[in-house]
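Pasting the structures here.
There are two complexes below, and they share chain A, which is joined by chain B in the first and by chain C in the second.
And now, the complex of A and B:
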């Protein structure tokens, strides 16, 4: 993997924060928008409607897919203080934060939500209980949150932008979507001149060897990643009827199948800068690819 | 205040979530983008550079403005589980979440950050220690988080989109910016046909009567809100040299002054729908206003 961006401040318009997150401005923010506009253009080829989802997903909604038991190490929870006056007063006594920058929380309200771990979960919640009359194509870009053991600018962040194009439908409809999607992306990568290797992968389960879902994924791969210089900048994912069953979404008399094509927007920036250099004059326009 | 939107599902493309947040699609998402494009157009009249900031602000960075002591009741903290294997194992035992949808957290990592409470804080952190050669105009749209005692669709949300146009400079430069800004917004509101009353206001401090900053704001108002049908859809704010001093930003041999014009994007949607009705055909284009 390229370490071209591991030195903070090397890239104009980029600021790297100790929380493992980036701020963007100038040409780099323009590139971010061009990259996402390219994805939206691909989504439009399937007539995919665009959605803007909020940052929280309810833990109850994720219970049906056992998210928190499968990925407890990745989750970030939004937590607020109990609003009782004496509790807030206790919180404000002493140093807030302390000398090491740590906030000592006093009593908190019940934790009901998770900060979005992956963009497409919002769709299954939104479409719960629906009978689909035909294949449904949708897209969204969401800020996603993942705790990791280490972070690297644009390449591995505690929060990042994920654009997804999702299909819900019959098994054949989803299969066709993912095949077309992979071809579409490959054609664009050729046009851009960005070299990518396609590799099968598994999801990063907690205690993978103890998890039957991980074993199932290894025996029958469902995820193919687009690897650019050792970094996965996107993936093509078949969920079979996993979400359709969990959220009672039906298609053609059965639990709907689903699949998604997912892109890590900041990782695309990383790959483009690693490939074309830090000078914006050398970056591809990404129009009509 | 209009309660036209208090019935969930009444507005096509809007979905209201128990967390006090909205998802948007279709014409309502188009309107959201047109509204924000209008704000960006105004920002461009000052040559303001656009920024994309991440969701976290470090508690240490906010300590200089005593944020957590002034607004502990509004804050939401991102919290993750301690990654030790036995801690995660303990977390995954039993119901996650429980029957009431609550997540019982086991040991957590130190809390170092706050979910963005207001967009413009990011700028003062980013420009810390700078000597400004002239007035600086900048803009950003950020997802902001505020815990409240109750929520209402588009009008009062636990997370929402805030667009800000900010000026840092001398006291006179900031004063001129805020006066021009208020005129610019008033002219656009006239063109759109959206009636707004301008009212002085104070920030929602914890225990306001015990807070000298609240008293100072009451004696010498720094905040003017744009009230549409009882709902503040934006505000014009003078910070004097409060942030310049806290973040050592200097202009013309002194601590820089700053001021911002802030817009709640979802509240603009609320005001437009309340004024022009739920049919998208009746909504203003917002181009060239």
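And now, the complex of A and C:
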């Protein structure tokens, strides 16, 4: 199945931007909200606290998990001009933007942040140094940013919405959460009538053959994706104690384990439209699934 | 080199490299990646160690999930020879 909805704008309420982003309104925005409400409903079954995070993550915070070395090809950075008056003046004297739409920057301030690449990083930063008294279940939806070699409407975007449900706890608590989570999602997919295949996957590391983390993920698979027509619309991820160790989060006398269930909201829209057609009248009810 | 020699050398290497587990606590079925006794950063070192130990190359592309699960799994891999 193609990952590209062939004609941008053919969907009611969808507008595709050359920057690899979608704008939504009307029935498609309504579907977006219903899909996310469904995820929030599942998160509530674990009593997960809901969080809203800003779009920046500190590069220093991500250094603890070596994000920028593992995924430099995906990273996007917020950048600002050095505020010195002369620098700003020099900037305004140029073509901004030039005839090809490019902005030629003069001196910039130091880049200290990364635009959120995955929603759950915010939790480990927020809970740094905590001793957990019991398993902690949390959820958030974040706009995530990733540079890719190509983009396709709703399927592969430079910015997209990721909803995650995360558990931090002992290894057994996280294992139980991920097993329950996968069953919960599978039950809902059955009720909706959306067929998926569950497939083991690895993260998209930079130069994977040279990266020991990629090899380690192959030897000890930690990621299972829900594939709808060849498109991963979500994943179930076990981190073991990787984040607990990096952010000194402790549970029961050890580094906390963690795991997350992640959903690409726009990809769910893509899968629903691909499966049920572009007419909103044919889209499934997502209530009580 | 016998299986017993490989097993002893491997256990000694894991304990020394990890720094997170004592020799008495490391059993042959202790899951070393799952419990992060060795982390992803140790995996390439482990492959190099096994190649030096056995004098045979390991084809990384042919390694399967679970190949480095524990001492038992690694010894099975070594015993299976270069095709593993």
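Points worth noting:
To be clear about the criterion, the second predicted complex is superposed on the first by the 286 of 289 C-alpha atoms of A that agree within 3 Å, B and C clash if a C-alpha of one lies under 4 Å from a C-alpha of the other, contacts with A are read in each partner's own complex, and residues count from 1 in each chain.
Criterion: a contact is a pair of C-beta atoms (placed from the backbone, for glycine too) under 8 Å apart; a residue touches a chain by one contact, two chains touch by 3 or more.
Worth saying up front: this structure is predicted, and the values here are computed from it rather than measured.
For chain A, the partner that touches more of its residues is B, with chain B and chain C as the two candidates.
When the two structures are aligned on the shared chain, A:242 is found in touch with chain C, with no touch to chain B. After overlaying the two complexes on the shared chain, residue contacts for A:288 are found with neither chain B nor chain C.
Touch criterion met: A:218 reaches chain C, while chain B stays clear of it.
When the shared chain is aligned, chain B comes close enough to touch A:159, but chain C does not.
Those residues of chain B that touch chain A in the complex are listed here as 15, 17-19, 21-26, 29, 32, 49-56, 58-60, 63, 68-69, 72-73, 75-81, 83, 85, 88-89, 91-92, 96-97, 100-105, 109-115, 122, 126, 143, 145, 147, 149, 157-159, 206-207. Residue ranges of chain C in contact with chain A, taken from their complex: 33-34, 36, 39-44, 60, 63-69.
Those residues of chain A that touch chain C in the shared complex are 171, 200, 212-213, 215-221, 240-242, 245, 255.
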